[in-house]
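Take a look at this one; I'll ask things after.
Should a chain be cited, it is by its letter among A, B and C, assigned in written order, with residues numbered from 1 in that chain.
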């Protein structure tokens, strides 16, 4: 089950914890990329390389009683929210024992009754679902909680984004929308995605508060995301966080991202937030190189074990399947064409 | 009272005209709305034109076997205003009237206004070539299968459905009616023969006949021991003739004539409610006196229904001697897998003109009839075969 | 709780009713029955709430929620014009165990929420084993002058997707009992209420028992022809049957009640009696409910048919505005009778 980091840790402890989630996420992503190239994964592989700081910052500031709807590149946030590595590995490898039991795969995973919502592919669609969870809890008299929905800058073009943010604003829900503007939606650059000079300006249109952050800057992420979540939790209504970075991988591992110009990769925007975080921790003497090396090898071993385990597990059996999508068994139409 | 036009309806996509094949009512008749009036035929189906409303048939201007376009006026019905309104016909129709010029009543004419004809076809089409008693709906097929019946059994049932088809209701009425009449169980032999004859009849069969003088045969018979039956003479003659030209006993399969590989000839033996056909194998290769014993054996076995399996089947022609029933002439039906059946009638004393003596002289004469599958041979070849058989039978010592 | 009893699929919700709500009217309309059912649900189950445009103080565009906000404060809530977000929110609340009733103002607008209905709501249970007990009420079907965007029948589109239940009550009694069942069902239900029937159909009183969801009803017994239909077309079919009775034909009318699951057994049993099948639907022909019924009967019970199965639907164009055109666009008692006569005479 999910085991998130509690708020009572000192800031340094929290930053260390966040860094460790980033590191594990990066190594996990590397593992998935390797498995993909080895032909061991059905379907696509989608990495979060470059977005770990932003994602981990979200996860470490959430409580078990909060709601989280991560998206494609949130491996770090998922781990920080408490997802065990085996869940991710099982979903990618299609194990029948994973949370989606082979019915969905790769990043489409979650545990809804634990506040961890599994995404559907239609971008923007998860935000109103987070709204609904918050809405229901409020009706039940539960307060002091927050719901985070992650989006890319491309998703801000969808009608669903608009409807959901508007709805959250009208209902004054404690929603935090974290928009990772990584400059590309697949191959589409931001110049073809929106015309406003700064996505954060949209907040004014919806009547909500906004925050902007350089997502390559680890400590800035921790501070900004933490503040936005705190504002929402304190009842100030929806918060729009716009984080800027460069996507450091293809849209999926099938994409070589050759449309990204080298100048961008070599700019400040193209910094690797993991390296930035590492430098930060070393400078602050929150950790030393040896410690980091140990964490790295521990994480690698943990990942290897999870992969080995999942690969031994059974795939779903079509003959054991109850081929029905309704929970009400008696309403199933069992008209099979055999 | 308003006169409502009976118009050729839209019979289906891409159908532009239909031919009148039957008038079901006549002028002066009172009809109901929706009642079938005229049977028409398109290249796809037989359908009916129905009464647009109730009333009296005033006239038909369409003629039998003529084609009319969709939208053409075929006749008029006189109806009350209320009746017309009930069927939505109280609005003026754009259809052309009967008493204008003949332009309307011509082949391939089109509706001059170019408008779509409403309403669409009133009747559901019965598939062409399957109309009448031979069309069976899935339900009727299922029901008949349940009862072990086939399409031939429908022939006696009057159909009340479209194009005269037999509906399930018609069928059940017929079956209920049957129960009221005397029924005897048909033996399995009877059922088997019925099926064989039905299958045989699917081919175009024809018969030719020839009287043959059998005095020589009767004389020859007296000198033999055991005595061969007259039919055996005919059988042996047939075998010899077929050995000379086997094509006439061939089977048509697609575009090939399949020649027989051996001249095995069968002969009909009546056996209790049916006919069995034992076979003399290679009848062309053995002279008559060698065939007699086997022939008599087979007749006895057949009568007792004890024919072994290898003694029947696989013959290329059959001989039937209905003369034993006193019949002088008949048109037998070949077995379904054979092309020929040779029939022998009863011998009679007949006057025969003797040119040399200048008078009639008595001779024993019997008719040979040959029924054949007309797809494989024509009358000429059949006639030549009969002539050859006749010649052979007039020289029985050579058989 | 009413919800648990609903799992049995029988009208067991009635077991929970201690005292039948007293309705002071002599008769009750289809619309009032829907309002009563919602009041009943709100009263009995604190997990139920209603969310839609203008449903609060205004009582809804058709007054289906009139006075309900007053009686149940905080449970009948106005939504912005955001059908997508409305359904997304409903799914979120369902994950938390609530039982939302979403009122779409017109079925025609539900297509804005199509993605959330067919990709979010209908797949949740299959993907995650967490049920999604939402009810989406669609005012559907044509009335004179409503035009292309206030008349659509979308039951076949939703029925196509796995994971949805689609209901089409044709009577006042069914509008009441089936809406209560819809709320009790643990799966997403598309509840199609016919706008024409709202005010035109009346009953003397609400029912105390009901056929289970998934069972069709024989609305009229007959032996010469079977008409399978649903919602407002049931009434057209009954009128056509009356007309044919004067000509000596007894037509059987089957009211499907629920489109998905579809009660093929009752349909097949009727065709076994009559041998002739006419399916009538107000929706468009391509891939409609009528096509589905005929496909099933033809595939599974071919040997029962004494005539080719036929269907009658609206014309394959958007629903027209002008009453002349509208009257010809969809099946009416007259066109149903004409189609039936054709089939009877085959």
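By definition in this document, a contact is a pair of C-beta atoms (placed from the backbone, for glycine too) under 8 Å apart; a residue touches a chain by one contact, two chains touch by 3 or more.
Since this is a predicted model, take the numbers as computed values, not measurements.
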item	value
Overall pattern in which the protein chains touch one another (line/ring/star/complete/other)	line
From chain C, the most remote chain by mean C-alpha position	B
Distance from chain C to chain A - Cα centre to Cα centre, in angstrom	40
Between chain B and chain A, distance of the C-alpha-averaged centres to the nearest whole Å	80
Inter-centroid spacing, chain C versus chain B (mean Cα positions, whole Å)	56
Interfacial residue positions of chain C with respect to chain B in the complex	247, 275, 302-308, 310, 334, 338, 341-343, 345-346
Interfacial residue positions of chain B with respect to chain C in the complex	32, 34, 36, 48, 50, 88, 119, 121-124, 126, 137-142, 161-162, 165, 167-168
Residues of chain A that touch chain C when the two form their complex	99-101, 103-104, 108, 110-113, 117-118, 120-122, 125-137, 139-140, 159-160, 163-164, 166-167, 170, 324-328, 330-333, 335
Parts of chain C lying in touch with chain A, wherever the complex brings them together	7-9, 49, 74, 79-80, 82-98, 115-116, 119-120, 122-131, 162-163, 165, 185-187, 213-214, 260-262, 264, 296
